[in-house]
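Here it is, the structure, as structure tokens.
By letter and in written order, the chains are A, B, C and D; residue numbering begins at 1 in each of them.
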Amino acid sequence: MEIPTETQPEVESLNKLMKKTLISVVLAGVAFALYQNFSLMPGYEGLNVGLSNYIIESGLKDTGSLNLITAVLYDYRAFDSLGESTVIFGAVSGIVLILSRKMLPVSSKGLSFIVKRTLGIMTPFIALFGLYVITHGHLTPGGGFQGGVILAAISIIFSIVYGSAFDYRRYSPQTKTALETGGALTFLGLGLAGIFMEGAFLHNLGFLTAETGTLISAGSIPYINIGVGFKVGAGLAIIFYSMIQKTFEEDF
Amino acid sequence: MAVIWQQFLVSFQFESFFPLLAEVGVILTLMTALAAWNYIRENKFWYYALTLVYLLSTLVVVLTNDWFFFLFAWEMVTLATTFMLAWSDWKLVRQYFVIQFSGSSILLFGALAANAFGYTEIGVIDSVPLQFLLIMGIGMKSGLFLFHFWLPPIHSEAPAPVSAILSGWVVKLGYIFLLKIIPMETGNTFLFLLGLAMIIYAGWQALRSADLKIMLAYSTVSQLGFIALAIGTGGQYAFYGAVLHIIAHGFAKTTLFISSGIWQREYGTRIIYDFKDAVSRRPITSAATILSFASLAAVVFTAGYNSKYLIKSAQTPGLLTTAVFFLLGLLSFLYAGRVLYWLFIKDQDYSTFFADLKQGFNHYQIYTHDILALLTGMLGIIVVGFWPEMPGEILSTLVEKDFHLLSGLRDILIYLGISAYLFYNNRGFKVEARGNLSLENYLQLFLNFLYGLSRKSVKFDTEKIFETFFYNAIFNASKKLHDFVYQDFTMQLLWIPIFMIVLLLWQQIYSYF
Amino acid sequence: MSWMNIELILLIVLPAGLAVIMYFSSAFNQRARNSLAVVGAGVELYLVFSLFIFNFEAVKNSDFFLQSTMGYSDSPFVINFAMDNLSLLFSLIVTAVVFLIVIFSTQYIRDKENRYFALFFLVLASIQGSILTADLFTLYLFIEAITIFTTPLISFNKTEKTTRAAMQYLFYGITGGVFFFISIILIYFNLGTLKMAAVAENFGLISTPMQLTIIIFFLLAVLIKLGIFPIHFWLPRAHSACPAPISALLSGVLLKVYLYIFMRLFWTMIAFDFLVELHLSAFVLDLALVSSLIGHVFALQADELKKMLAYSSIGHIGMILAVLMLNTEAAFYGGLLHIIAHMLMKSGLFLSSGYLLRTTLSHHIDDLKGIGHKNRLVFISFIIICLGTIGMPPLIGFVSKWFVLLAFLEARHYFGAFVVGAGSIIALIYYLRYISQAYETVKTESKTLREELISLKAFFKSTNIMKNVIYLFTLLIIFFGLSYKIFEMPINTAIFELLNPQKYIELVLGG
Amino acid sequence: MFTNLVFIILFMIGFYALVMKTNLIKNVIGLNLMEAAVFFWVISFSDIGGEVAIHKMGEEMTKFNDPVPQALTLTGIVIGASTAALLLTLIIELNKFSGTIDREKIEGLND
């Protein structure tokens, strides 16, 4: 009954080959089936269909936001975005729950002096760009999510260039958590304000609207953008720092 | 809530002979309750609580004509009696529960099928396949032939009052149900044949057992055979006979099991060869035992004679019928007589009988409760024996019936002669007491048989064989299936694309079939 | 404008806000946090219940409908939330069971409670959202949110096993989410709308192969989340790895929410006739039955208590899905009743298993010896609930299985009836295995049953809370088993909702 | 159709990496590739040759691409990022327990 030990690797590789063949066949079948189904998809008539037409025609008038994507995200379907930021909030708290360690990362070596100085000069400009993307979300491409990611990138670059302990000393995790929650609460607060001022949850606050095209136009959209921007930035930074944490037992 | 309560009350049906049967059920339960007062020592409160639940639900089972409440109440009966077995052994609880539950699953299926075919209330069912399905359904619960295998081990191992309940009334619920659904005019041939097989097979087994309670359990199966045969025959008198036999056997078997409990406490054994000075030690218990066995053996002026006579008279008259029933009667007479022979006649010394009786030495104290229970049973047997038409208006037509007591007497005398001859020449059919009769042993025999087909017999661990069958065998099979399905993670993920293909190409796949 | 139905939004926002507070509650003391959690869940329950009570007449006459619109009510694609009788029924039972689970977990969870409750209330918010929403994309968001929020809860104990389970759960969950997204996008490209009601109105306009693709991706997504047979691998691991209240939440509540989503998708949004036309309904029906059988068979070999319970969940969910696919009134009645019954029973079983397993070495069957003697009354409750799942008469499990069986027989679907019966017998065997193991050792005489019964007087003592929740579940199962007619009116109105999607469509589009 | 073809090829590469590769990180990459394929398909399918849906001050724009799929995709991306982060976290944790990220070498992943 025993299989001779010499032939075992062969059998194993044969098994692996069989498995690979099986998977390839199955995946080819899926590809075929998908193609067959998707090729029957009629061409997209786009603007002739009801929903999109409405946004193109009255999006600007309704929301005052030049960027119609932002208008959809933070006004028409603002509840989705609230849900989204809640998802990030939940994901962050989950990751912190999974990875909670007592030890903080202590590594202060970082890269060379030249890189450090250069980054020192660059950082304000990166931050400025991030803030620009956030605050001009309703006027130009961009918005809270995109700007928030740029802000988080600063934090990540810090940990690479100056060593992972640097950022902790500047902004403690508590600060980041407060920033994140502050962003979420801004969103929620504007939503509740919508109930009291306009009678519907997350309704655009009309009295905040100024002349279209200026920075303070589009009602509550810029404020939501700012809240979401800080939230996403702080959240991603927290995720990053949770992941690079180490315990005493591991060498670093 | 109110609606369901109303529905519940409306569903009661006080017609035909079912109220009578319900009354008998109550009396029998009270008998066992009396007997249990001194037999059950621990957790008495819970025992009587279960008895109450049992009593109420049997009433519902007998009287209701709504499928739902019927099944509901029968499950309650099963549950209550199951937990009563715990006063003996938890192993029994487990086995009994598994068996009863599989039985009720079949019954549930049958009931639902009947419901689906338009029989919304419990009543006469004309369709033969449905009758068959329902007979199969009660088969496991009421110990019909081939499904009876669990009955002797469990009825003999249970505590005496619980055996009395189980053997005296619970197994009869199925036949009461059959009385409701089998048409009186036609009967059911299949049931008739089953009954015949039960009488002969279980009678033979009862003749070959040395253990009192096992013998009683087998005789239960044998006597249930008469009921099945009667219902299978069809016709008014056969049905009356079945009802009467349910009552007669209920009284006799309840009394016998109660007294068997007393004998067991008295002698510390259940082997019938070891009983000495039975009459002088416990005269009333002896009288009850003798009278009940006489009823089982259909001696004239006992309840058993009337019912068996009715069943016999319902058959098509002829030589064959006469011969067959003569032999069946002989069989029951033999196994009943054999026990009495060993208990009271063989190797007994009656020389100092009256002195012993006066002195009243006995090992187990005589309690008033027990005596009351036994007297009730005896009274029942005698009353039904002398006045079969007695209970109310229901069986009133039996007044006109001629019971041919003289021919009965003649038959009894012939039986007595034959059995006396056989006993004296064969040393009273003395057989060795079999080892503990249990479902595990059956299983071992069965497995040995299966193994023997291919190779020589293998020794099994009998302790664990029941577990092995019900658990390990099934578990290993399911484990194998599980291991087959659970290949490595790659294969598990691969099910998603396979599933996708099947669904995406479903139209094409469907068109092939 | 829509001040009146602000409860619908509150139902979602309240737990979410509570979650944020809970996240920062590490400074609170134990008592304050626990009472906040219980009060929060209680307010949620009160909200739903008040909706039921104040609209009782409307619910009774099947014209109950609430709608809340967000933002521009005149624009065609605004997100709206709607509640009809079906949503009300589900919202009510889900909230009630979650309330009990919250009470249990206040005593059960002993470290990192702030994170635990934050995620727990986020899950509650997502459940309410996915029940109430009338918009497809919001539904997608909430389904994904449920997956993301439950994953850290599954790996709450932070062992290798739980991490593995959470990882697999997430792999399958994300794949399901991707399929759901594809389906939604296909619908949008074909119809230009995301409102379920508008989709329902125009679904027939889509070409048949496209309909098939949309339905198939929805089916794939929901079946993965439901754990139907060939893609059930994540379910037993995930449901057995997490702490007991989360198991109860996943197995007892979440699977039913997915069933609700299934009903919403395939009866309200996509009419069931399309499934029949495409011959898919028979396929799904048979698949669900096979899944049910296999779930029960696998439960036989499970050596861990919670894994066994998880496998039996597969069996029950398969059965419910199958009976719903029959698409008759009797089938809906049996299915909805069994959803309620199974929700109560499986939550009760998981909670009591959590209580019992606290003192044992591991969850393995060999380590369960004698727990029946140690925790007598709790184990008796466990047995009673087990009997309920098997289908013993005085309990609600019997009633619901009875109606499921009736539905199968009425539809002349004998394989289904066989699966229900066989499932009961197999369930009996695997429960008995554990019960007999629990009474294996000679009992150590500590407390008599009578003393324990007397100790029930201390019902509201805080030390007993966990036990009392379990007893409460047991009592509910017995009580509802005797008076299942309570559910008749809500279920019948919910069935009316399922069979007449036209009403829902008109009211959503008209409001 | 070219878009469909690219979508299916990307999707299948992702699927292949998810199912066949034993490195868990590669599985996550595969999963993200699947999502990316869907997002790519959504964006390119909704492209009808118009402008990005942002008004420019002082100019009258007539032909826009549909902004709604883009908004939906943005939401989808965020959810995908969250799930990917969670998965990577779990993989880090698993690596701490078993010392490997090869799923064939992690015991108990299959039962």
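Everything below uses one rule, namely that a residue touches a chain if its C-beta (ideal position, glycine included) is under 8 Å from a C-beta of that chain, and two chains touch if they have at least 3 such contacts.
Just so we're clear, the structure is a prediction, and the values are computed from it rather than from any experiment.
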Innermost chain by mean C-alpha position: C
Farthest chain relative to chain A (centres taken as mean CA coordinates): B
Chain A-chain D separation of Cα centroids, rounded to whole Å: 13
Intercentroid distance (Cα basis), chain C paired with chain B, Å: 44
Gap in Å, rounded to a whole number, between the CA centres of chain B and chain A: 73
Between chain B and chain D, centroid-to-centroid distance (C-alpha), Å: 69
Overlap residues in chain D, where contacts from two or more other chains coincide: 15, 18-20, 45-46, 68, 75, 79, 82-83, 86, 90, 93, 109
Multi-partner residues of chain C (at least 2 other chains): 77, 137, 141, 144, 148, 151-152, 155, 158, 163, 168, 171, 175, 188-189, 212-213
Two or more partner chains touched - positions in chain B: 486, 489-490, 492-494, 496-498, 500, 504
Chain B residues within the chain A interface of the complex: 490-491, 494, 497-498, 500-501, 504-505
Touching residues (chain side chain D, partner chain B) in the complex: 15, 18-20, 22, 103-104, 109-111
Chain A partner contacts - residues on chain C that touch it in the complex: 1-3, 6, 9, 13, 16-17, 19-20, 23-24, 68-73, 75-79, 112, 115-116, 118-119, 122, 125, 129, 137-138, 141-142, 144-145, 148-149, 151-153, 155-156, 158, 163, 186, 188-194, 207, 209-210, 212-213
Chain C contact footprint on chain B (complex, rising order): 1, 3-4, 68, 71-72, 75-76, 79, 90, 94, 97-98, 101-102, 105, 108-109, 112-113, 115-116, 470-471, 474-476, 478-479, 481-482, 485-486, 489, 492-493, 495-496, 498-500, 503-504, 506-507, 510
Residues of chain D that touch chain A when the two form their complex: 1, 4-5, 7-9, 11-12, 15-16, 19-20, 45-46, 48, 50, 52-57, 63-68, 70-71, 74-75, 78-79, 82-83, 85-86, 88-90, 92-93, 96
